[in-house]
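Two complexes are shown next, each including chain A; its partner changes from chain B in the first to chain C in the second.
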Partner chain A sequence: MIQFLLHVLVISSVTSCVTLGYNFVFGKGKILHFGQLVQTMVAAYGLWVPITQYGQPFFVGLCISISLLLIVTLLLSWLSMRLEPDGYGVLSIALHLIIIAIVLNWNSVTRGALGIPKIPRGILPSTTFGYAIVCVAVLAAWVFFLWRVDKGSFSRNLSALSENEWHAQSLGVSRARVHAIAFSIASGGSLISSILFSPYQGLLTPSDFHFPQMIFYVMCVVAGGPGKLWGVLGATTALVFLREGIRFVSISPSYIGPVQLLLFGAILFISVWIRRDTVFPKERKI
Partner chain B sequence: MQLVINAFIAGSLAALIAGGLAFVYGILGVFNLALGQIALIGGYTTWWLYQVHSVPLPVSIICGMAFGALVSWLIFEVFINPFYKRHRFLPLVTTIALSMILDAVILMVFRERPRSILPGVKEQISGFGITISPVQIVMICTTLVFLFLLAYFLHSTSFGRKIRAVTQNDIAASSLGIRSGLMHRIIFIISGVLAAAGGIYIGIDTSLTPVLAFSLTIKAYAAIIAGGKGNIWGAILCAYLISLLEQFAIGVHWFGTFYISAGYQQTVALLVIILFLLWKPNGLFVSSSRKA
Partner chain C sequence: MLDVKGLSFSIGNQPILSDVSFSVKEGEVIGLIGPNGSGKTTLFNVLSGFLNQTSGSITYKESDITNLSPYKRAHMGIGRVFQNFGIFREMTLEENVQVALEALPKNQKRELGDLKKVVKETLEIAGLQDSAKKKASSLSGGQMRLLEIARTLKSGNNLFLLDEPTAGVSPKMTNQIADMISTLKKDGKTVLIIEHDLPFIGKICDRVIVLDVGHIVLSDTPQNVKQSKELQEIYFGADPTT
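This part shows the complex of A and B:
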């Protein structure tokens, strides 16, 4: 039981880093972005492929990962400004599927569906207890950083843009700058998760990056309240606990996946139903 | 030549689904991300009636499409209607939730095993450098008949004119006494019937598996974006074009030696989406609404 709770703590801390970053794009910015896993995949493979496949030191892998992530972040940010919101939503799904097709088919580098085994933990603790403490500490630092950002002018600019783009721009809010920062924050969450998640599992596999995982992020943001830092943190923790806890329910293993899908689909729908006036709000009227 | 035939077979399926999707997007302005699941429901219902209960094939097919229509209507009432007038992006999220629920139901009821409606039919006809099965010829012809009937319904009946009026201007059509709410429902049900027909097509041509749904939806999106969002005929034409591109991309040895792995086949459709969104966001055949 203790081991399970520690495991949930690790997974929810790592997942929260991503969902809290994503919350700035989808929740606060109302940008219809379904490509968060593009950033996470690029960060993870950019980091661990040089280290495990080519014997590079961690620092080199990290530099490659950040460089690739920066390119992807700027690309996504640029695309989000160039396209209509629904067009961008579909494009981000398309980008996700393209990256996962590359990961699955570029066997010589990524080892395809088998994934990359023996991801080293390096200086990270070898016990689950130690790992959980590190993850919680990293999450606390990340939450503090995001809380400060949330209280700052950037957050107000992002909210203003999401509410009325033209009015916000007429007041001097730079859409390009705000979008670039929002996507950078989301990428930061992805990078932290890539550093912590794969060594914990000891494996980097494409099965962790399929579209249902993206929907899980959307669900965490919608259920927690779009744009709400503490709400998303709570929702992520609760939903990770639910997802991991389902494995212990006495049902046939072949039904666990479908039951998870059914449950999360229902939670997402109910969350949208409850928050149907705030997920994509209308303009404020005086 | 074989590649063109293959493209025609795959394109006929994509055209059915993309046509329905374009119809819904053009009028309601909403993306339905659960359309692939509706297609599978149509296919699986037909398989269940024909293979498990030995109902005659034509009756099974009609029942499969009718069930697709029923499910579409229920989806409209629960997942679309309460949301799309509040914000047109809300159905995008609700249909994602719906796609998860339907995926789960399909997995629990039909399991992951491939299910073929006509598993024993392997007969092939060869000639002029091409190979095609009689079933595939029937499927292509049936799709064309379907599309022809849809064109007739839309352009030569008073009901079709009402639908087109709602497409052009919802409010103006309502002021002329056309019940736009009813039209929206009918349009959504028609898209469900077309999708269910697509699912039956897959079940007869190859086999049905639960994982197909998402790729079907994305390919249909590629077609409607390339064809001009909301332009049903543009979407149908682009469905055939994208299938042709997919076949040529993986079927041709480029420069004599280089070839693209079959694993990247779906990527072609996705690249089409991206290229069109970047360089021609309105698509090839933009439908413009009349101005007063």
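This part shows the complex of A and C:
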């Protein structure tokens, strides 16, 4: 039982780092971005491929990961400004499909569907207890940073833009700057999760990046309240607990997958229904 | 101060503004009138940078701003008051003012000094100092308008584009808005104002520009415009005295 709780603590901490970052784009910014896993995939493969496949030190992998992530972040924020919100939403899904297709088929570098085994823990603790403490500490630092950001002028600018782009810009708010910062925060969450999650599993596999995982992120933000830091943190913890806990319910393993999908589908449906007035911008143009 | 030359804007093959040219001197208050669909708000949207002109140029304070983005124009001191209330309803009144002040260029922010104090002063101008922590959605239309004008006023703008500031506002608040515009005039600010209320325009404007089907048909003093045949024709189809 304790091992299970520690495992849930690790997974929920790592997932929260991503959902809290994503909350600034989709929740507070109301940007229809469904490509958060693009950032996570780029961060994870950019980090671990040089280390495990080419024998590079962690620092080199980290630099490559950050560089690639920076390019993706700028590309996503640029696209989010060039396209209408709905168009960008569809395009971000397409980008996700493109990146996962590359990961699955570039066997010589990513090992395709087999994934990359033996991801080293390096200086991270080898016990689940130690790992859970590190993950919670990292999450606490991340939450503190985001809480400060949430209280500042950037957050107000983002809210203003999400409520009415024209009104915000007429006051001097730069949409390009605000979008770039929002996507950078989301990428920061992805980078943290890439550093912590793969060494915990000891494996980097594309099966962790399929689209249902993206829907899970959306669900965490919607259920927690779009733009609400503590709400999203609570929702992510509760939903990860539910997702991991369901594996221990005494039903046939072949039913666990469909039961999970049905349950989470119902939660997402209810969450969107309840928050239908706050999920999407009320007014996009004048 | 503002020089608009040969400005045209079309949607597809449909011209909305055709060869619009006019100049505005510093400290002038100019009324922009015309029937619905004449292109008044579109002209403001082009001047603010939200719509890209098909042709023509805009010069502001001797700088070509034709291709500048809206936020850069705002940084140059072009303030806008929207027809549909440019207030963020989900934010508190305090935050509504904070957003505007924080978006100012660094040097302007420095000049303002303590932003909290300026926020307070702005709310006082609008008579809303007791509701600082309330959500803007709780305000009436008139209060939203007063807050929007006060915010634009305190943001250090020099050119004000006011799109129907008295629309949906009580007569008492219309007077308050007229007072605010008079204060702008006294402070030497330049104002372009779209209005349908001709007595209001007559009271506060130095000059009136009449727009019809995307063309400027008349530019004169409020008295002359009121008596002009062109205005009668535009609004009533023909001169009612003939």
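Convention: the second predicted complex is superposed on the first by the 281 of 286 C-alpha atoms of A that agree within 3 Å, B and C clash if a C-alpha of one lies under 4 Å from a C-alpha of the other, contacts with A are read in each partner's own complex, and residues count from 1 in each chain.
FYI, a contact is a pair of C-beta atoms (placed from the backbone, for glycine too) under 8 Å apart; a residue touches a chain by one contact, two chains touch by 3 or more.
Remember, predicted model here, so these are calculated numbers, not experimental data.
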| item | value |
| --- | --- |
| Side-by-side fit of chain B and chain C on chain A, or clash | fit |
| Partner chain(s) touched by A:98 [first = chain B, second = chain C, both, neither] | first |
| Touching partner for A:218 - first (chain B), second (chain C), both, neither | first |
| Centroid geometry (CA): angle chain B/chain A/chain C, rounded to a multiple of 10 degrees | 80 |
| Touched partner set for A:173, first chain B, second chain C, both or neither | second |
| Which superposed partner A:156 touches (first chain B, second chain C, both, neither) | second |
| Partner chain in contact with A:164 - chain B first, chain C second, else both or neither | second |
| Chain B versus chain C as contact partner of A:120, first or second or both or neither | neither |
| Residue contacts with chain A in the superposition, chain B compared against chain C | B |
| Touched partner set for A:202, first chain B, second chain C, both or neither | neither |
| Least Cα gap, in Å, left between chain B and chain C after the two complexes are fitted on chain A | 10 |
| Chain A partner contacts - residues on chain B that touch it in the complex | 31, 79, 82-83, 86-90, 92-94, 96-101, 103-105, 107-108, 111, 214, 218, 221-222, 225, 261, 263-264, 266-267, 270-271, 273-274, 277-278, 281 |
| Residues of chain A defined as touching chain B within the complex | 32, 79, 82-91, 93-95, 97-98, 101-102, 104-105, 211-212, 215, 218, 222, 254-255, 257-262, 264-266, 268-269, 272-273, 276-277, 279-280, 282 |
| Interface residues, chain A side, partner chain C - complex | 153, 156-157, 159-160, 163-164, 166-175, 286 |
| Residues on chain C engaged by chain A in the complex (per definition of touch) | 45, 48, 50, 69-71, 74-75, 79-80, 82-84, 86-91, 95, 98-100, 102-105, 151, 155 |
